[in-house]
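Beneath this line is the structure, given in structure tokens, with notes to follow.
We call the chains A, B and C, going by the order they appear; numbering starts again at 1 in every chain.
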Amino acid sequence: MTNTQAEWQGKSESMFERMLQEVPEAVRDVFRGNLMAILKEKAKDGSILEGHVVEVVNEKVPEPFKGNILKAFSLMGGVDMNKVGEIIERFPGGQESLLSILHALQDQFGYCPPEALVLVSQKKGVFLSMLYRLVTSYQAFRTEPPKKNMVTVCNGTGCHVKGGGAILKEMEKRASENGAQITLEKARCLGCCDFSPALIINGQLYSGSEAQAKISEILGK
Amino acid sequence: MKINKADDLKKIKKEGMKLLSPAALRITVGAATCGFAKGAGKVFEALKYEAKKQKVKADVVVVGCNGLCYAEPIVEVIRSGKPRITYGNVPVERVSELVKAIKTGKLVKDLVLMRRDEEKSPLEKGAVIKYSKGKLSRELSTVKEYRKLDFFKNQTKLISSNAGTISPERIEEYIALGGYAALAKILSALIPEQVIDEVSASRLRGRGGAGFPTGAKWKACRLAEGDRKYVVCNGSEGDPEIGMHRSLLESDPHLIIEGIIIAGYAVGAHEGYIYVNDRYLLAKERIENAIKQAEKLGLLGKNIMKSGFSFSLQVKRGGGAYICGEETALLNALEGSFAEPRPRPPFPAQKGLFGMPTIVNNLETLANIPLIVLKGGKWFSGVGTKLSTGTKIVALSGNVTHPCWVEVSLGMPIKSIISLFGKGGAGGKKVKAFQAGGPSGGILPAKALNLKLDYEQLCKADSLLGSGGLLIMDENTDMLDMAKFFTDFFADESCGKCTSCREGLKQLQQILGSVMEGRGTKEHLSLIKRMAAAMADTSACALGKTAAVPTLSVMKHFPQEIEGRLMVKKRA
Amino acid sequence: MVKIKVNGKTIKAEEGQSVLDAAQASGISIPTLCSQDALKPYGACRLCIVEITKNGRKTVETSCTYPAEEGLEVKTDTPRIIGGRRVMIELLLARCPGVPSVRKLALEYGVKDSPTQMKKENDECILCGLCVRACNEVVKAGAIQFAKSGLYKIVDSPFHKTADDCIACGSCVFICPTGVVKKKDEQQAPGGPKRQIENWQVEHKLKECKKCGNPFSPEPHLEKVRQEKNLPVEFFNLCQSCRQYPVVDEDKCLGCGGCMENCPMGALELDDKGGYDKKAKVYTQNCTACHSCEPICPVQAIS
């Protein structure tokens, strides 16, 4: 079933397809139909915009799928300063609003763009140097866009004890290779002690042993 | 509708009961983060789809986590008059088979874990829900009743009793099992000082690490002067092996909300913050939705239950710093500043958030409050041991057969926890060592397994109760590797302010690296001891003070694993 | 005022004053590398540790951050404290072997060098934070801050690029205890006299005095002061030496007070000379030599 009879603006169609990937294949077509109807209603007589797809994700998709989808969306584009302005408006207040704003920027763009931080500094009356300190000292924030592949290794003790240390070393080696398209992160606990040692590659959870077999395949090398 | 008095609560309670024990059918899926990781989300969608397809009229709903992490995805079936049946390890492919069985009233025998004949709540005497009415069929009577299973028989489920039973998205179900009754009680019958008295009488101690008496902390804040006061709930859960705050927030968010409002009433605060670990997106969503529901019913916000007391609550997402588990670093983060501990004195009870009197309580500490208010501090002080009252949620992980989380009375021997709940070392291997309370707890040898899980005994053994994590290491674990792992952890998380912590950890890392590469000497070890003493004395916070503990504990309890790796000086 | 005991001696302290300040005011010396009178205490170097006994409980605290209270007992040089300080010095020597202020302390404490088993680095920054705190608390330019955290902590300009908010005042250079923050003033440069602070990749022109032609302060620094104090645009055209304070000829002065009313800085008062005689007096500590008073005087008593 295709998405014909709909005008798609920008990346909205690929965003919609990416969203549907989170739905089990068996029920995917049902969801496609329902969600298309919602999108068409939002678009009224015009095109379906990227913003419409994001709205549907925010309104209809529960966690943890929502977070995965939004993260994937953020890796599809550049820095829209209007969006940055909207985010800043969404969190009134002074310095106490900063962490929330940084999270929102990271959710939107996949990282905290320097140009966005300059605007935050101006609008919130906070020194740019302080913002730089916040994004570089809190582990949640990135100052550069993430690379093509996102790998999160569970560095929890439970996973380490079951061989997680070796997995981490290997991923560190691969990530530091020349031209490696990997952004590597360590998580303190992924919450899947039964799968340990656990790691997430591009949104999919793998158990260490099965991941090792598939790593080359997944990362395309 | 808004809840203005206790009677209104009763109305909602009835509605909740109808959902928990329906006339028709209720099918629940255990869907917290651990459940989702094992496919519970897909199982949930498949159940809804199959129920519709096979024309089975059922309320298919997500519930939280009951601690049986190794048996997820968990699906439970509740039908009028029959015991609640629990299925474990349900794969997506067998959902249609399961729904077919449910439709025809049959059991899928190989997936059945247990049954539950009645629901009890620690807040009330007797059964709150009687699932099973009349005589059991022969088939059902072969299914083990959950209270006979080691896993549940040996737990004292006080704060986790709702988890896995109620939907975290339905406030009525929380109220049905006694929720918000404590809040109603204090707003109509107790003055703040009386609430503090009950908490003091309970001898409840902070469940985050230090174990400071909660009543004393609240009293200090109540007496402090300030234009306004704050309650901060510490849900940062930074220890690298646990997810209990996450499980509680995802399974029973209203319990935390109620605890915070009561704390606010007690100390005179009207604003509260819940600081949540930055990775806990599902937990954050559930607690935010729960807050909206509570506000809608008038249990949060202005003039709660027409008592004149107002309280507002916000959720803040952390920045990913372990150091924010330390209360003053957490306050800095809430203020939008960098994550570094503040010098004390002044203490947060006098000068905390935005310079105002603030209580910072661990999430688990606050979860105990509604219970203490309803059943009394004296009752609570009878659980656990004399100095360590109440229960503790313990996350069992590592080389154990069944990684899980449980709630036990304080004072339970650690050996029993491992055997009864974890079912011993994984793969039948012997337990060589364990760690309690997170990285600051150090690594203890198997002979310490006789220790009881409480503040005093663990402190005497140079360990700590801390967050309640219990990590099991088997005979194949390299103790030096573990010492390096925890040292690396502290090095990653140090804020870097104090010379002692920052430079000390740098040197510890390189010394352990040298020993691991066979270049270690006795001088390296004596340097470690000297540095560790200085770090413990001079560092500003617990991270720096205990940063050398993992290494010291391995040197003390497993000396052969370090001394045996030192360079042997060749005799001239 | 409160009374505390330091090394057995009872001394007076102001309520809330740090134990370090109170001790130093009474002539008891406690070492420190990151404390400064003009700045709020930070507690980074950990050298000023002391043993504090309060209500029978003894703890080790940094004296720069601990507020004096009635009845505190402080010990500044017990073996435990000396031992702790020695380890701090060893750690700092391992990190910054060439820093003179650390070497000096090492000499005082009998530390020859950092132990051979310690990894040696060649840093020059001890992360005391004095530069950051001066820039943010006193100058309030906020040009630099700590960045990253833990073992990777450094002092940096935003994005490790030119610190756009830097006014080149040089406070960071002045306050740095190791000399790693440096400024370079060039009088003869092709574009005109300039100041460089390489640490923050900053370069600014130095203002040249319209009268004597000497370069004196960086332009952005002068502009910031001018804006904050609401001074006229031409105020900093003259350097401090050339800027002359007004002198009142008391023989000519009528005591009308016109100059006093017109003074934007409140630096002129009418001094009572007895009887009905009042004369204008210049208070140079408030005077910015803007010369607004000179043309106002009806009898030209001010020059």
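To be clear about the criterion, a contact is a pair of C-beta atoms (placed from the backbone, for glycine too) under 8 Å apart; a residue touches a chain by one contact, two chains touch by 3 or more.
What you are looking at is a predicted structure, and each value in this text was computed from that prediction instead of being measured.
Innermost chain of the displayed assembly, by C-alpha centre distance to the whole-protein C-alpha centre, is B. Just count the C-beta contacts per chain pair and the biggest one is A-B. Here the spacing of chain B and chain C, counted between their Cα centres, is 48 Å.
Once the centre of each chain is set as its mean CA position, chain A and chain B turn out to be 27 Å apart. Remark: chain A and chain C have CA centroids separated by 45 Å (rounded to whole angstrom). Listed for chain B are residues 321, 338-339, 492, 495, each touching two or more other chains. Counting partner chains per residue, chain A has residues 130, 133, 137 touching two or more of them. Shown for chain C are the residues that touch two or more other chains, namely 146, 148-149. The touching residues of chain B, counted against chain A in their complex, run 32-34, 36-38, 41-42, 45-46, 49, 69-70, 72, 92, 238-243, 246, 278-279, 281-282, 285, 316-322, 333-339, 354, 397-399, 403, 435, 439, 469, 471-473, 477, 481-482, 485-486, 489, 492, 495. Taken in their complex, chain B has these residues touching chain C: 321, 338-339, 343, 345-346, 491-500, 502-507, 510-511, 521, 523-524, 527, 530-531, 533-534, 537-540.
Taken together, the chain C residues at the contact with chain B in this complex read 41-47, 49, 60, 62, 65-67, 80, 83-84, 86-88, 91-92, 94-95, 115-119, 126-127, 146, 148-153. On the chain A side of its complex with chain B, the touching residues are 23-24, 26-27, 30, 62-67, 94-100, 102-103, 126, 130, 133-134, 137-141, 155-158, 160-162, 165, 186-196, 198, 205.
Across the interface of their complex, chain A is touched by residues 136, 142-149, 156-159, 163-165 of chain C.
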